[in-house]
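Multiple structures are listed underneath, in structure tokens.
In what follows, chain A forms one complex with chain B and a second complex with chain C.
Presenting the complex of A and B:
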């Protein structure tokens, strides 16, 4: 019974947040100084011409009508037409970018979490050993190197000097012009993804390793670990069957938080490798004051984070009965 | 030992399976998406699929692709409702204009092989080439020209209001002859047509109900539209039936680069054939690469300081002149532009050689002249600061967009002016905010700017210096109001021949240089990196990005 009440409470909370986000999503872009035409101005553009474009964008209508249209559109799954890529529907832009972003940042997040967990566990188990010191040092270093700088170094080394990997794009343009078979295409995509993936992972692994190491260290001090040792279980069994599960909890929270990052992409890495994902789309939409694109992208972003958090909340309720009260 | 390992590998196995499934789903989705590569709208999708069948056949014979780079993606690819210069740059390869320009920036035959102008300069008769066809096979005729001109008058497209107001009447004489009557004589008409006057096919556009977001791109130019992926690339295909000759390559792919570094990397790795690099780019690594050619072409880009002439301290001409003398332009050119360009004096760039007046006021760096003018304006030095009799200090804010090259230029200006006791505060804001302040409300004291000039100088002089344009969102953002200049602009806009227009354009340049609403800093230079192709012909303003270059470029051997 208590659990049902808990779920209802979480869903209500989710609904409130959703409504507030819907409102902010509309207002915040419009509070930014300037308007979507500012970017186009050149000596040929008279004030009348600027006004005509605003009219085409529907921005000369009163603000409350714009809001009603926005809400109506959101519930029909239509985010309007992008100003920056006029007249492309925003939904098409998101459909184009989101899979690539999920592919790049999703893979990077999952792989770096796995590697971070394993290495963090090992580092903690061998605390203060040479291996531990080295791993901690490398993590600190990877964590503090700016990603765009690391990206540039990798780009110049592997893309320009060694010519092992392509320097930009999702895949070679020739695939748009000349069709090819699936295997060749996938190989090409993987080659294009490799450098940005490594750059992102380098940044993520460092943090994951440190979090995992810290949480493992505190788990290792628990009484039950001492007891297991006293019972004569071997170290591997203790580490992988008992410590790993308990120490991973903070990691799961961490991955949950990274959800937003997975959707919104990594702007700097995308810019360095000219890999147009959601991050660059949002960044350019902000610069261009492309309201519909901002609304659409933030809607997808906030909705997925909210749903992820709702699921986590409910899972916590199932896992930990204390939370339900 | 074995059993213990299983504990890890079970989790690991299941995780790996999950990852593979996720990657496979996303990868599969991407692949399917790519198989039926979508374009912005249904109309372009159908265009893509029709041309798809033609090039899958021709791709066997020739598959040379020229990959070019843009730093700014196109916004609205529509020959009548375009928004940005990038849009125009791409559209002009798909659509012809009646008139083109030659390498000196003067009118040259385009879709019209010749034309006549009535003595009073208000009736233009164009004689079209007979062998031009639309990319769907229909011939290009005088009906299309008349339709286009009337279309500009019928709708409110952002860039065609001036032309629409200028054109009074269009008469089709025969299939290849069209007569245009203007509301008043205007010599710049031909150049304006060369700049933006793309002709559209009547048989396609006459039935369009909403031309503002219509995306059919069947043109008559040297290239056909294939596809556009926002933020990624634009693919064009050589038009085999282009009346001016067929390009020596099959595809023109325009890739969008998000940083200069990624473009340089693509150049170095050999995957990029043609790109224009911004002034101030370090060219050293490219110069040492034997396969990359650096070509500099005359640019119509002007870099300037604009001052709000209606507010203190710049409402005093003497102060503006003093500042002009106190700025060392050569130093700015060396430090911020790495010497890529030249020191400027007139508001018209010398690359428009027909229009450039070399005999304007020349404010060469001269601090003692600056000090003399400040004293003449009633200022005196007090504890190292200039103060006037009302106790007002000579200090002001320099508002700039927070990007290159403005930050560098502003820093140099601040340092130079501080040497003679003028205090400059730099305020940098994001580019859109900057536009909304400078062009929107004109609520600033001093700013920096750059314009790329058109072939007809009046397209720039009129909005920038006519006091009618100083209202909100007007481009006379220095709030310049000078009766002589206003009159000269009106005369220039009524001139019946290019030489008369030039007479007034010369005078406007002189008076503006004397009144200095803008301090001219640097004339830009277009820097092009080319590899894999030879045989180019630069044109002012467009540099290598002009249809003549694309017709002439030949793939180099190897």
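Presenting the complex of A and C:
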């Protein structure tokens, strides 16, 4: 397949997904059982104010006009006003929170992919050895541990009992009061990010290891590996300069598939560690039944996943010579 | 991999139990399903009753796993808490496998036609939409109940197994026995449900188990976020109440650790069943 055709196909897929997302986000609040008005308007406001806001959002108009208005609002970044942080617009909340989530999930994705690749390669190379069995067992255990529970346990152990790491937030509030130098600040942010990051990575490493192991095992059976062995190349060289490259390619596809999972994990981890990203925003919005924030956060999070997926897909096209040609 | 069209897959339960993995997994699952009904013989406290002991007490002889902030018995809650994840998991598994049959067979069988391609595109799109945010948003609108959890989890879990089963259907439809059935004039329906379905049953069963694991982990996650049935005790909402009452900041490990161990054991047991089924598919 030519590279250009491949890119066009991926961009088309992104467009279709985006349309489905637009529809889902429009239909869910309107067609679920219950009182639809309460989802757009704060029920504590006076009836006149409620009606005014309903009109402002066009909710008194026929459904197709509502849809046009809704699409217009989405493209102008108008997601309504948060009930919880009234009267802050939802888009402002998202602007503050999104970078932290992208930082957390991005770091976790890259680090766990690298660790998964290395450990999976080793496990496959020493197939059926004690080390291999142990790595596979640990990965399966890691995948059975509920992410949020692991977070709670690490929090109790390292945050509360041993007091090694802070238990919430993304930097110490004292920095707002006493301006300090940048390096100390970054160190402080990293210390706050450490536990959430480890928790999020635990699940991902398990899956990555198993996939890399399977992919390496099938690559090792290829004819060219046998040939290299017959030519007397040393094992280490075969492994690192030939097998590694070919076996890592499926990992990239896997990262694309994982994206939704990573976001799901991040929502839970942020809720546990009070890490002020999109996940905590969603958690707070759920507890306060803050529907506009919930809708806006869902839309933006899903859109970020779709964009990340598009980037990974195009990267795959660049790296895989069969497509690049 | 290819199992002939007799009812050999009905023997799967026997093969399953006649192995260490299968037996162990099944025993753990059975134990957690029966324990809630035997609770009154094991502990004298009702899991929901407030004030059976002093609040926030560490483990003691009277309360094996201590007490909650409301003075409820944690041990009693722990042995009752597995039933809902198991019920939600298995029901979600069953409903999802019906959806998979209805969607994956035509999707794989008509993969060259526009209709098949359209279903495949929709499946791919639902595969990339992040699961938990969608579950949360549906859960918030539907309200907390066990039935709604099953409904939402079923809506979310079909795309992955559908993809796997439909690609198997795609390869099967080129095989000789399907082509000869076509030559004999069998209808598409008959071919799909009488010739292809029996050949993908094992694959559907093994994927159903993966769905069950997924559903159990997500059921506890949404209960942890406060979207569980507040009238029932499950491991997820045990952790929700623990978090809400500050058990983490107080370091009350006896309240936090048991539910997680339970979830892990349950998910791991289903993984063992899955591994065993994979072995059966390979060997028989």
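Throughout what follows, the second predicted complex is superposed on the first by the 213 of 325 C-alpha atoms of A that agree within 3 Å, B and C clash if a C-alpha of one lies under 4 Å from a C-alpha of the other, contacts with A are read in each partner's own complex, and residues count from 1 in each chain.
Everything that follows uses one rule, which is that a residue touches a chain if its C-beta (ideal position, glycine included) is under 8 Å from a C-beta of that chain, and two chains touch if they have at least 3 such contacts.
Bear in mind the structure is a predicted one, so any value in this text is a computation, not a measurement.
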Contacts of A:96 with chain B and chain C, given as first, second, both or neither: first
Comparing the two partners chain B and chain C, which touches a greater set of residues in chain A: B
Partner chain(s) touched by A:225 [first = chain B, second = chain C, both, neither]: neither
Which superposed partner A:263 touches (first chain B, second chain C, both, neither): second
Partner chain(s) touched by A:87 [first = chain B, second = chain C, both, neither]: first
Contacts of A:32 with chain B and chain C, given as first, second, both or neither: both
Partner chain in contact with A:138 - chain B first, chain C second, else both or neither: neither
First (chain B), second (chain C), both or neither touched by A:106: first
Chain B versus chain C as contact partner of A:198, first or second or both or neither: neither
Which superposed partner A:276 touches (first chain B, second chain C, both, neither): first
Shared contact residues on chain A - chain B and chain C: 32-34, 39, 152, 155-156, 160, 167, 271-272, 287, 289
Chain B contact footprint on chain A (complex, rising order): 32-35, 38-53, 56, 81-88, 92-93, 95-97, 99-100, 102-103, 106-107, 110-111, 114, 152, 155-156, 159-160, 163, 166-171, 173-179, 182, 185-186, 189, 234, 236-237, 240-241, 244, 270-274, 276, 280-281, 284, 287-289
Partner chain C, residues of chain A touching it in the complex: 13, 16-17, 20-21, 24, 28-29, 32-34, 39, 140-141, 143-150, 152-153, 155-156, 160-161, 167, 256-257, 259-261, 263-265, 267-268, 271-272, 282-283, 286-287, 289, 291, 294-295, 297-298, 301-302, 305-306, 309
Contacting residues of chain C [partner chain A, same complex]: 121-122, 124-134, 136-138, 140-143, 213, 217, 220-221, 224-227, 239, 242-243, 248-251, 253, 256-257, 259-260, 263-264, 267-268, 271
Of chain B, residues touching chain A in the complex: 1, 4-5, 7-8, 11-12, 15, 19, 22-23, 26-27, 29-31, 33-34, 37-38, 40-41, 55-56, 59, 63, 65, 67, 73, 75-76, 81, 83-85, 156-159, 161-162, 196, 212-213, 215, 226-227, 229-233, 235, 251, 253, 255-259, 261-262, 265-266, 268-271, 429-433, 435-437, 439-440, 451-454, 459-460, 463-464, 469, 471-475
